[in-house]
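Next up: the structures, one after another.
Note that chain A is present in both complexes that follow, paired respectively with chain B and with chain C.
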Partner chain A sequence: MAAMTPTAPDTVEAGTSGAAPRASTRRPRPRSRPRPRVWRGAVLALAGAYFLTPLIASFVFTVHVPGRGISFEAYTELLAADGFTQSLLLSLGLAAATISLSLLLAVPALIAVRIGSPRLRPVVEVVCMLPLVVPPIALVTGITTVLRWGPEHLSRTPLYQTFLAVQNEDFPVVLVLAYTVLALPFVHRSLDAGLRAIDVPTLVEAARSCGASWPHVVLRVLLPNLRASLAGAAFLTLALVLGEFTIASLLGFRPFAVWIVSISGAQARMSVAVSILSLVITWLLLLLLSRAATVPATVSAAPATSRKES
Partner chain B sequence: MSATTTPHPKGTAGGNRRRRRGPRTWLAALPLLAFTGLCFGIPLGAIAFGAVTRTDPATGAVRPTGEHLARSLQGPYLGSLIGSVQLSALTALVGGLLGVLIAQAVVTSRSTALRSAALTASGVLANFGGVPLAFAFIATVGISGVVTQLADLGGLGWSLYSFTGLTVVYLYFLIPLMVLVIAPALDGLRPQWREAAQNNGATAGQFWRHVGLPVLAPSLLGGFVLLFGTAFAAHATAAALVGGSVPLVTLKIADALSGNVLTGQENVALALGLDMILIAGLVMAVYLPLQRRSARWLR
Partner chain C sequence: MSTTLPAARKPGDADVRDTPAGARVEFRGLRRAFGSTVALDGLDLTIEPGELVALLGPSGCGKTTALRVVAGFEQPDSGEVLVDGQDITRIPANRRDAGMVFQSYSLFPNLSARDNVAFGLRVRKVAAAERRERAAELLDLVGLPDHGDRYPHQMSGGQQQRVALARALALRPRVLLLDEPLSALDAKVRANLRDEIRRLQLSLGITTVFVTHDQEEALSMADRVAVLNAGRLEQCAAPAELYERPATPFVAEFVGTMNRLPGRLADSGLVEVVGARLPVDGPVPATRDVEVLVRPENVTVTVPAETDAGTDRTATVVSASFLGSVTRLHLVLPDGTSVKADLPSRDAGALVPGARATVGLTERPVLVVARPA
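Entry: the complex of A and B
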């Protein structure tokens, strides 16, 4: 057992790893060693089977047509499918807008509470974390209620035009606003971890005393240091927006996830193929993210999850 | 500081900076606060307001009432709330247990490749929810799914579109979430503690009962609560999978909003939304202190 502790030099010292523990662990070792190994293998094998089966089976489902053998039609027909490119482009556009908006809002606020207004810090933290408490389905009930005020109460005021513009079919700004709210907790967590890792006041004071202007300090000194957490925030937001179904479908818009559901009745094979593709894309993005995030530290700390639609 | 007019370069520089920094930083946080107030506060207020008031269609008069909340806690709506809580509790319990087992198997293995692969895969799978997951499971164990036909699951009475089926699907993203949450805590369980217990003659059971579980308890509870909250808020998976055959509060809200039931249900939807926010708020109120407590042991 003492052989298992090469790490944590602060607690292992010569005295305890000497003769006494070896003598005491010699007896249980033959009995307890093989058991965990078998147990561990069984657990990992079962977990692997459970997590891999749906992936393999759905791939088989898309390429194997009963009675006709193997065909990749579901994938080749995808690009020509009605609404595929349109909904995908809409989702990507929404994602880009959401990422820009959430970063534009969160970065200045978080830097500000670090260097100048520490008393605002708990306020900003609570405000950013509150959306976690509100499930998307509850948020959408509130949004539909607010949107209904437009025609009901404000139809004579200039605000009404704003209400209409926000719900424009081609680019529903209301979705960007809602997604930004949903993304704030994850953006905040990611940026806060990044800011905690660097010494913001010292960097700012060093840059300022070298004569840098404030925009220069933020753009050339702070943001480069935050690159990993900015990328993390952007990737999590992208995953959230690409997979979002609840709010978009209840507000009557048709981005990617809603489109998949809408074709599932007529073209089951294609809907599964698209699901696999969107999964693979999300995986690649998140793998990139975990690579970027785990270069310096070990894989632990903050779980890299967004509230992706579930 | 700047009250004295003596030309003291250091003093004036500091005073200058302080004076300029104060209002500026305050302003930088303002857009965020204004945005959340507008796009989050107003819908939230609309939920709370709509859930406890009634607008007379004829006169437009608004008066407070408890009837929507009362209705949201009766009949089919109460059933859906109970169904959601049951499903979330069951999946959180099973997912938590299995997640701990897998995390323990990964953490205690000495292969770093397995470890990093498992943790990365968990990060990815925990994000794999919603519509794609539902379709993957339909293709696998749905009515005409690949595994269903290979193993003749239909003959065994299996149905994906049921409470059990939904549990199996939810576990697919809940287990990895638990692995992510609990792995750091299991890492914090130092091998030296186990050795110390063994040197004092403790058995494995005694070690877990007196050292392991007490240290892990906040993380375990916190993980359970987080899983519960995630399962409770989940809507897209259930919507794409079961439609309405399993009573869940998220599906009921969606029905009421999209007018699939009687008109005039909007206020009940708002009341149900308020119920959900209260339950989720309770969950977070339990989770955050637990997380802070468990962070104590993780260096």
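Entry: the complex of A and C
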């Protein structure tokens, strides 16, 4: 059985790698030494100061009136200010519509590509990323041109009314369409990452073999497992819509971001108060969304660490 | 379409073990090509009710494609699949009466083991209480009665595959499809689950098609093993028959271990090989120079006396691998031919690498193939 006990190569290997154990006996020291927490604290303090100083300064500016001391007047006046509620509600409505539309477009498309023709994935990715390379100003110029051209050439057709309807000031659908295009890269990235994290073809086939129809597969199997990435997509879209100014302003609509700018010249204190309030509102909404994402994630996104069978 | 197969019984109307005998599954002239690659090339196979047939073959032989055609995940280019005489080829996957277990753990990550098992019942709108009862019954059947509340990531691979098996059985299918369900598991769990699947299959009497590339798995579990090669059926037979009487050289070499020894056909219909004259089994090639296929256990090895002069059958032992009750010797004949021989380990003590040994063959019919140029 000498052939089964090849001692020589082992010996050689041990000899050549003999330095490794010695080195490893020396190494644990730096590993066991506590990491320099002081640097972490310093970096955190610097970053915190960078982000918080303007916020604190803004807040102080809104509540400290020279000669009168502390006053929350700017905030109390806010709620009664002309256009505040309408513009905020309009922005939230636009955000909800944009999230719905972009998910309705992207989810079925990406699932179909994933299952049906994975080769198309790069094509879809490039198409979805295009809005990142087209500046919003170019987009808004295009939209303006179309909006001007439409009524002139389609005045005798039913589409004329459509052109008017999408520009309704109460709820400008044209902004939803534009924001959907802008949100596409973020929605795509988020959903694509979610779809890559699960074995879509096998889950679909498993559900199909259990008798599930296609709608059932999507609603009961895929979407629950994509919850985190759906929330992520909604999260990014919400942030984008609440902060978007260029397109809305150039098209002449007045969502929240435009309203803030419009009052900033006349009532400086109030405009800063509105900015802080809008930050708080955005944070709250984002917190809500991220909470929606993390609750199921404790169940679905945990690593597949298989325990040994007893 | 009113062709749902075969009228899937209402779940919950009887005990889970009270499953009728499985269905007869027939593949008729199945052909499926992916571009220029032909996965199935006219596959014909009949699986009897309640039988477990393993589809065995090398990668790309078409075994998984055949299974996926039965499941409804692939459409054949031509040919048909019949279940109890009914053509199911065009019936959508979700309306076929077949449960499937996949190679990768395919449990729904967002559902507990119980909800995974009950998924199909929920699809069929079975009442919640009944679903829970059936799921508990099935989890008990696969040996996981206390795991109903666990999520897939909280279970081991073997446990997940058991739950997947329970899920596949939940709708009482009459055909069970297993797509390499054990290949992702470690050896010990694999052996346990293998026995468990077979036990369940026998007790439920469900027709089972089992795809594997592991011949040990196929030979130990299946009633019959269908060996596929390049999309065609080479042979479908009981494991012992497949091993002892392979129909083709491919089967002979694919199943178990085989020696290829140079030989020469004699006029008497015998073949001369390693000093022996043996009867030929199966087709005889046109050329006289052939290669003879001999199993290692049909090679005899004896230790010659020290004074014996060497002959052309005197080989040198290159290596000896202890495999438990047998030891596999690797020998080289004077002409350079390599021979593998299995000997009872108690007789192989003296045959250490470098030792001389006389090689012979037992008197059994052998398969011969033309010697490559």
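In this text, the second predicted complex is superposed on the first by the 232 of 310 C-alpha atoms of A that agree within 3 Å, B and C clash if a C-alpha of one lies under 4 Å from a C-alpha of the other, contacts with A are read in each partner's own complex, and residues count from 1 in each chain.
In this text, contacts are C-beta pairs under 8 Å (C-beta built on N, C-alpha and C of every residue); 3 or more make two chains touch, one makes a residue touch a chain.
Because the structure is predicted, anything quoted here is derived from the model rather than measured.
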Partner touching more residues of chain A, whether chain B or chain C: B
First, second, both or neither for A:133, with chain B first and chain C second: first
Which of chain B and chain C A:122 touches, first, second, both or neither: neither
Chain B versus chain C as contact partner of A:261, first or second or both or neither: first
Partner chain(s) touched by A:239 [first = chain B, second = chain C, both, neither]: first
Touching partner for A:224 - first (chain B), second (chain C), both, neither: second
Which superposed partner A:141 touches (first chain B, second chain C, both, neither): first
Which of chain B and chain C A:151 touches, first, second, both or neither: neither
Chain B versus chain C as contact partner of A:272, first or second or both or neither: first
First, second, both or neither for A:208, with chain B first and chain C second: both
Common interface positions of chain A, toward chain B and toward chain C: 1-2, 4, 208, 299-301, 303-309
Interfacial residue positions of chain A with respect to chain B in the complex: 1-2, 4-5, 8, 11-12, 16, 20-21, 24-25, 28, 32, 36, 39-40, 43-44, 47, 50-51, 53-55, 57-58, 60-62, 64, 104-106, 108-109, 111-113, 115-117, 120, 123-124, 127-128, 130-146, 177-178, 180-181, 184, 208, 214, 239, 243-246, 249-250, 257, 260-261, 264, 268, 271-272, 274-276, 278-279, 282-283, 286-287, 290, 294, 299-301, 303-310
Residue numbers on chain B that touch chain A, as the complex places them: 17, 21-22, 24-29, 31-33, 35-36, 39-40, 42-47, 50, 98, 101-102, 105-106, 108-110, 114-116, 119-121, 123-133, 135-141, 145-147, 171-173, 175-177, 180-181, 183-184, 187, 190-192, 194-196, 198-199, 201, 204, 230, 232-237, 239-240, 250, 253-254, 257-258, 266, 269-270, 272-274, 276-277, 280-281, 284
Residues of chain C that touch chain A when the two form their complex: 8, 71-73, 92-96, 98-100, 102, 104-110, 119-120, 123-124, 151-160, 164, 167-168, 170-171, 177, 189, 192, 319-322, 352-353
Chain C contact footprint on chain A (complex, rising order): 1-4, 198-199, 202-203, 205-213, 216, 220-221, 224-225, 227, 296, 299-309
